[in-house]
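Each in structure tokens, the structures are laid out below.
Note that chain A is present in both complexes that follow, paired respectively with chain B and with chain C.
The block that comes next holds the complex of A and B.
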């Protein structure tokens, strides 16, 4: 008995030790990743005086929200000193319609490519996919020309248009891969029942799609909210998104560099995407791994 | 009576490949037509063509006298039950059943009344507020049938509806479908690869292979007088014994000579079939070979054969013997005295015999 159980027990002890080592390493990684956020948060809550004199990683001696207030409504972006607020709203006005429209079009495209195959639908899908891999820089000039011809240059609808176009490739891919797992017999049954193309989409496919809608919305929202290149290229004073304004705040200070304001502004600019992940993150994982639809 | 479904010269191509060749089938109201064949024979494609889910490349389809060749599925007055049931996963059972009526704009009261009627008929009232995901296979099958029944169509189409069920449930549902057919007097077209389902349900069977119709007929015609070797082999379990033999004319009848591995050839005399070619394939169902003394009739002949294998199967015992280079199975009664390795007196009932031409496989008698 002892002969048998001893190596077994030592094996368990070894396993436990390894497990704790693993946890330790994971915690170190987590700390390492959280470090920048920690520095940003503490710095944003310090006064300029304290930043100058104290250490970078030290906790604030005295917490002040002055920098946050300045970043939100008083920081200068070039000659205007209105803080991030107007640009934050620009980003919301831009991101929400762009996310919704590109998600809806993606769902429709995916539905067609997965369930209503037509001649050349595979080519159509490949070309759409190809769109995912075109670098942003390549389309800047043609897109600028196009927006000019459409009369949308420098406007928020223009930016929405750009993001929708750029997003369709990804959203189509997401929905197509999701809908491919839905048995085609469902469409056949609905056809026999008398439902048409949109009826089937609306009554049968959309209600099935919550997990993939969440994935797409998170993906698109993150992309569009964080976009800088399109924002800086296709906007003008007054229609710039928050990322561009953040850049301007950081780059256009005169005299003393207000690190606390920069940090607060950066956190404000990143908050919405963080929020989206916190609220819908668990659906994100679920949606990405969602397999077949159980009928 | 005018045929309720009339398929004439139907051809179906996928690109360059023709998958259905010149299909002609007509059925009367109240018929239960079963399309049967091995996988890939085109039976499901044919059903999809009837439903209008697949466009056809040639020929015509008439339902109840109307040309439906190019009509969309929803206007064909058909209902269909699918192999995977194809229930709408996000809708309750009740909404699954009424979806078709809702799409067609039937008013609420009619929907409710029809739903109650069908639910009672299929005994699914307790399930009406559940989702398909919460149902067992058999329950889903009932709901799928309810969705078809509620529409009162001219034609019911079933696409292998029982193949996802376990063996016991399959037999139960088979009986239920048969009852349903009798009670409703509805016309049904049913696709299956299971020849027992075909035999038990059909009033008319179409045996298909490789996109060609091999034989159309009543279950007893198909079973007793298969048109070719394929049908003979496919229908019936255990399959029909197909034994290579030599035929010699003998007065008004024929002497059939079957080679055996050891000993003299087995010679049978068929008094009723003359004019056979020299080489034939003799087809005898296992139940037409019995233990001597248990079968009588003018065409019964006995001969001693060596038993290779005895397989008791409860009600019957299958006795296998080697004849003409083939394993020949005889279906004998449960208490038969056969022993492996021992000779046994076999009784061959040539009254039910089929002859086939070995090269073409066509029936000769």
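The block that comes next holds the complex of A and C.
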């Protein structure tokens, strides 16, 4: 950590002024990042009439939750007008199994790659790592055909399958980097005591894993909840995730543009991941940095 | 028998993932590469015809626009996010009392879906009721800010929204880097009376070179894959003024029914990504195995 106010600098008045300036700048940056959220929130609480006549940055004169109600259960995504509710539900149905399955597979894979190395396990890990970086556009076409052949085209299980497959890379990476710090002697000693592969995983590694499980679950949940590309490519009218429905509401061309409904819908779609961020921000950041610095 | 089973258990645990990766990543890349060399249109054909699709692609003005946009967007998005992230990280590293709160505020956009970000900025930047009318309301009647609907400038609105989303994340990376610089060296430099700006420019920032590289890789990767943001913010428009390779590929694959073009544009995207990422991953993996 470095301090601008080094002991060599003279004049405490100057120093105090600099400190104030520093805080001022930092607060301005905070305003910049908060502004869109503020605008979304205030717009969602205004009536259309007030939006047309008032200012973007003004607080609502009269707070109304009409737009929220419409966004949740009445807004049109194309021909259907059921709001975000069914799609929000789709996203939950899709995210929970996809997160759990990909985390479990990642834990087992990471355990093998870090502690049960064999000839070829490093190659496996390298192949997996490169797979994390492909632009998904390159697999969209064959995946669409494959899902069709498996009878999963346009279904939620199909989307779960896709998210699990392309999530394994990162989940394995997280667990591998975590387990690699555990001394291999532990496994050797346990083997001498007659414990097997799963026994060692279950009673030694799993109890150590809570932090990395949290990081992985948060990472996967954020990725899957926020996904749009797979959602828009592999779903159909009734099975779309919430991001696709939000985009449809905002870009539906029929009728009057209801900005307040758009903003309420955007906040609703963002709420789960925002909530996770507020509750477990530390783990969220750890996942972000682990997923980028190490990957 | 049981012993044989125990001994091969680790391999059996990896096997399903291995097969999945080989089929769904490498096999699928192979399929796309193959189809990009055929005359496929609405349905895939499998007779190789050479580089016909790539020729068509490079002759398409819309693809030209998409690649240009990727270049403009990538350069500005990466450059501004890095500068802003570094600046905020340095400012935040001055023993700020409310650091935790500020950091939380700077980073929250990263938790949002790009569709949400696009929706929000689309509203803020819309010429009728957005920023333009706010500034006019302050008395600047002739103020004009119509980038969102101006074909020449719309791509910069994507930069604005993208930087807003990603710069806090870059800040977090740099902040972690600043914290890992050896404090003894900094103290020694301070005792020697070296000015703070010199300490930053000559000692701290150069020692963070690996973080710059990581940030660059992540941002470049985000830029090339950017799809959601353009769809939500501009829909690729006006016209196709803000098309990126990702939106071009999607349009060819799912609305134009031109599988050959979709496959060849996806292959170009992958080559661009790999040109950036492969050297980086290679050095990372080699460092790990040493």
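Convention: the second predicted complex is superposed on the first by the 261 of 295 C-alpha atoms of A that agree within 3 Å, B and C clash if a C-alpha of one lies under 4 Å from a C-alpha of the other, contacts with A are read in each partner's own complex, and residues count from 1 in each chain.
Keep in mind that, in the parts below, contacts are C-beta pairs under 8 Å (C-beta built on N, C-alpha and C of every residue); 3 or more make two chains touch, one makes a residue touch a chain.
These figures come from a predicted structure and were not determined experimentally.
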Sticking to the clash and touch definitions up top, decide whether chain B and chain C on chain A clash or fit.
fit
Looking only at contacts as defined up top, I'd like to know whether chain B or chain C touches more of chain A.
C
Check whether A:236 is in contact with chain B, with chain C, with both or with neither, and answer first, second, both or neither.
neither
On the A-aligned overlay, A:126 touches which partner chain: chain B = first, chain C = second, or both, or neither?
second
Just to be sure I read the superposition right, which of the two partners does A:199 touch: chain B = first, chain C = second, or both, or neither?
first
Output check: A:266 vs chain B and chain C. Expected answer is one of first, second, both, neither. What do you get?
second
Looking at A:185, would you say it contacts chain B, chain C, both, or neither? Reply first, second, both or neither.
first
Quick check on the superposed pair: does A:112 touch chain B, chain C, both, or neither? Answer first, second, both or neither.
second
In the overlaid three-chain picture, find the nearest pair of C-alpha atoms across chain B and chain C and give that distance in Å.
7
Interface residues of chain A shared between complexes with chain B and chain C:
293-294
In their shared complex, chain B is touched by residues of chain A numbered 183, 185-186, 188-195, 199, 203-204, 207-208, 293-295
Residue ranges of chain B in contact with chain A within the complex:
48, 51, 53, 72-74, 78-80, 82-91, 99-100, 103-104, 132-133, 140, 147, 151
So in the complex, the part of chain A that touches chain C is made up of which residues?
1-8, 22-23, 25-26, 29-30, 32-37, 39-40, 43, 51-52, 55-57, 105, 108-109, 111-113, 116, 118, 121-122, 124, 126-131, 133-146, 165-166, 168-169, 172, 196-198, 222, 225-229, 232-233, 243, 246-247, 250-251, 259, 262-263, 265-267, 269-270, 273-274, 276-278, 281, 284-285, 288-289, 292-294
Mind listing the chain C positions that touch chain A in their complex?
6, 9-11, 13-14, 16-18, 20-22, 24-29, 31-32, 35, 44, 88, 91-96, 102, 104-117, 119-124, 129-131, 133-134, 137, 164, 168-169, 172-173, 176, 178-179, 183, 186, 190, 193, 196, 199-200, 204, 211, 214-215, 217-218, 221, 224-225, 227-228, 231-232, 235, 245-246, 249-250, 253-254, 259, 262-263, 265-267, 269-270, 273-274, 277-278, 281, 284-285, 289
